[in-house]
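In the two complexes below, chain A is the common chain; its partner is chain B in one and chain C in the other.
Then we have the complex of A and B:
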């Protein structure tokens, strides 16, 4: 039982990290609370569905394609919509909300409200120390962790990452170094959305693709970044593990509704004690 | 790089912060803009870097107009600004702040060599190379901001109040560093309230009062001028008060 709890918590931590990383990256760099973040997850999940059923592609081919599609739509959304609301957090939120409703509506019209099945890339499970780990979930968690590591490397050891950090911390001073924020923003937004799309494509074989999955994901991302500190990447990673532990522990002991209640209680508690989040700076 | 301002005016909304300023900084020389707080010194620097648009006038580098170019392009053309108030990237290490200054450069070996030069210029920065910007003392931040500007290998270096808020011992380090940077042949335009320091580093001084240039002269002449010293260069607040009451002869 305890081993099984560790397995579930560990697997969900990885997916939560991926969802929250994109969300907090976009906020950290652009000061945009992307209310459409969950819908980019939706786009990723349905992209896999379309790739499998329309084009007969293998899941392992569909997976990176789904991330690219979500990322590409993210770049377009930044240039066409979010750019106008630079420095206007409220305006950015409203645009995000409108975009979320539009994407979800379009998906519902195109595919209906029913959950669409996605062919699983792997089946069965492996047994470790008395706990069963489903192979498909293990694969999803592994890909998620590799992506998190890649993004960490990108931010800290690449020229693009240096530009993104500079723009995030002081856009005007970044311009004085020859960095153009207008070129950095769509890249950052696209990466954030691609991460969401990848997360959607990774969970789709496990839960199926359905129009409401975006809201649940946005809620998780929200809880995580508030717990960890808005815009803080280490905070988001730590809070992902925390939320995954709360979620899986209480779901196993009681049920998912109580788990959701407890996670919100944890958010309120953290906000009372540390308003900037666990690792955030006000 | 030769810098020329022609009748430059800059407004902040309804406030005319800079009015018809013309001045030339010859290639490879150091010039200073002096003036009281609020005279418009920083606004001129920001105008040259393209962070604020000109209301009127032209800015030429080596005879070429740049006033309509975006900031990034002016940096590419060889201008670097160490802005007022240090303005480091707070969550970046000293090392990363310095590397950011070389963002547009592709000569990695040259960048590494220049990093070593900056660390030699400010040994304190070498000790603090892994510290975050926000954890540095005021003097260390100023050194890092100037080092970051130098890392761009500029041909025109703009320094906005490099001595502001520094302890006397640190001002000395800073002055020596600026002398050594200028000795490499880069054109330097310096803004200071500490006029004595600025003039001792410069060939030419320009005195700014309420956005207007009221005097341009060789630095030695300005240093020797007793009236000017009392009116603009004194650290004595009474001198500034009497200045406000009755405009000095110009």
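Then we have the complex of A and C:
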């Protein structure tokens, strides 16, 4: 029982990390709260569905394609919509909400409200120390962790990451150094959306693709970033593990609704002690 | 009174009297819904005035609706007492939780209240006793004042009008005079307000409490008008619609949320023939609005002047 709990917590913290990382990356660099983040997850999941059923592609080919589609749409959304609201946080939030409604509406028109099945790439499970780990979930968690590590490297050890951090810290000074914020923003937004799309494509074979999956993911992302400190990437990673532990623990003991209520109470408790979140700076 | 004010008052009086002139069942229904939704939009407006976007307003509306419905149906409380409880309970909840969550500012506050709103709805879903779970509460008694039952839509419309007018006066009183100066100060320069010896958190908690009370009034009216309530009427989507009303009407003016409700409540009826497309068209029209009219109707009026 306890080993199984550890497995569930470990597997879900990996996907939580991927979702929250994209969200907090976009906020950290652009100060934009992407309320449509859950809908980019939706795009990723349905991209896999289309790739499998329309074009007969293998899941392993569809996976990177789904991330690219979500990232591409993200770049377009940044140029056409979010860029106008740079520095206007409320305006940016409302545009995100409107975009979320439109994307969800479009998905419902195209595919209906029913959950669409997606062929699992792997089946069966392996047994480690008395706990069963489903192969498909292990694969999803593995890919998620590799991507998190890759983004970490990108931000801290590449010229692009340096440019992004510079723009985040001081856009004006960055421009003096020849870094154009207008070129960095779409890249950052695209990467954030691509991560959401990848997360959607990774969970799609496990839960299926359905129009409401974005909302649940968005709520998880919100809890994680408030818990960890908005814009703080280490905070998001730590909070992902924390939320996954609470979620899976309470879900096993009681049910998912109680788990959601307890995680909200946990947020309130953390805020009582640290209003800026676990690793955030006020 | 400036001429522009007289014109505005004349327009308002005209709009309010339209249902009496047209007198169709459907017109009454829409008019009542506009009143109920504009109360919710007004409660959100009050929070926007101190620069804090609260996405938990529909949750407070739900608290008011459930409190009022359960008290009148199961306990046998008179309507006015039930509605008072429907205002007081969310206000008390906001006062209690406000001490913690109002310490959080800006975007974090929006995210936190989003989660709070969802948590309130989850409570309605999870605790089947007394909230009825996903089925909600049915057979809510109609509003009755001093033994006179407001069964007709006309009389209920008058009740909605009176409630909205009272709420409007309360919000106006808070936004004008000395309290108004404090609130504007809180939005623009909080350290300066604090340096004058004004306790910022207590003021913000006061605003949060009143705004939750107004949302509760909206919920109580909704419950007694519809006769049944279910949790999904109070999820974050309802708050987002109220936010959109503020944006369409203009966040800077107190009549903004009312103008927004007037424009947006009938809007889904226009798309009714294309039911599947409703959500998509709504989202796209919002996006177009944000791009081409970011200041809302109030901004447009200001530009035309």
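Following the convention adopted for this analysis, the second predicted complex is superposed on the first by the 282 of 282 C-alpha atoms of A that agree within 3 Å, B and C clash if a C-alpha of one lies under 4 Å from a C-alpha of the other, contacts with A are read in each partner's own complex, and residues count from 1 in each chain.
Assume a contact is a pair of C-beta atoms (placed from the backbone, for glycine too) under 8 Å apart; a residue touches a chain by one contact, two chains touch by 3 or more.
Since the model is a prediction, treat every value here as computed from it, not as a measurement.
Chemist: I'd like to know which partner A:158 touches here: chain B for first, chain C for second, both or neither.
Modeler: neither
Chemist: In the overlay, answer first, second, both or neither for which of chain B and chain C A:257 touches.
Modeler: Second partner only, chain C.
Chemist: With both complexes superposed on chain A, which partner does A:98 reach: first (chain B), second (chain C), both or neither?
Modeler: In the superposed model, A:98 contacts chain C only, not chain B.
Chemist: With the two structures laid over each other on chain A, which partner does A:175 touch: chain B (first), chain C (second), both, or neither?
Modeler: So A:175 only meets chain B here.
Chemist: See if chain A has more residues touched by chain B or by chain C, and give me that chain.
Modeler: Looking at chain B versus chain C, the one contacting more residues of chain A is C.
Chemist: Check the residue A:166 against both partner chains and state whether it touches chain B (first), chain C (second), both, or neither.
Modeler: first
Chemist: After overlaying the two complexes on chain A, where does the chain B footprint on chain A coincide with the chain C footprint?
Modeler: Common to the two interfaces on chain A: nothing.
Chemist: Quick one: which bits of chain B touch chain A in the complex? Just the residue numbers, please.
Modeler: That would be residues 49, 51, 70-72, 75-76, 80-81, 83, 87-92, 96, 99-101, 103-104, 148, 152 of chain B.
Chemist: Taking the complex as given, what residues does chain C use to touch chain A?
Modeler: Where chain C meets chain A, its residues are 48, 53, 97, 100-101, 103-104, 106-108, 110-112, 114-116, 118-119, 122-123, 125-126, 240, 243-244, 247, 251, 276-284, 286-287, 289-291, 294.
Chemist: Would you mind writing out the residues of chain A in touch with chain B in their complex?
Modeler: 159, 162-163, 165-166, 169-170, 172-180
Chemist: Where on chain A is chain C touching in the complex?
Modeler: Per the stated touch rule, the residues are 27, 33, 81, 84-85, 89-91, 93-95, 97-106, 108-109, 219, 222-223, 225-226, 230, 257-258, 260-261, 264, 267-268, 271-272, 275-277.
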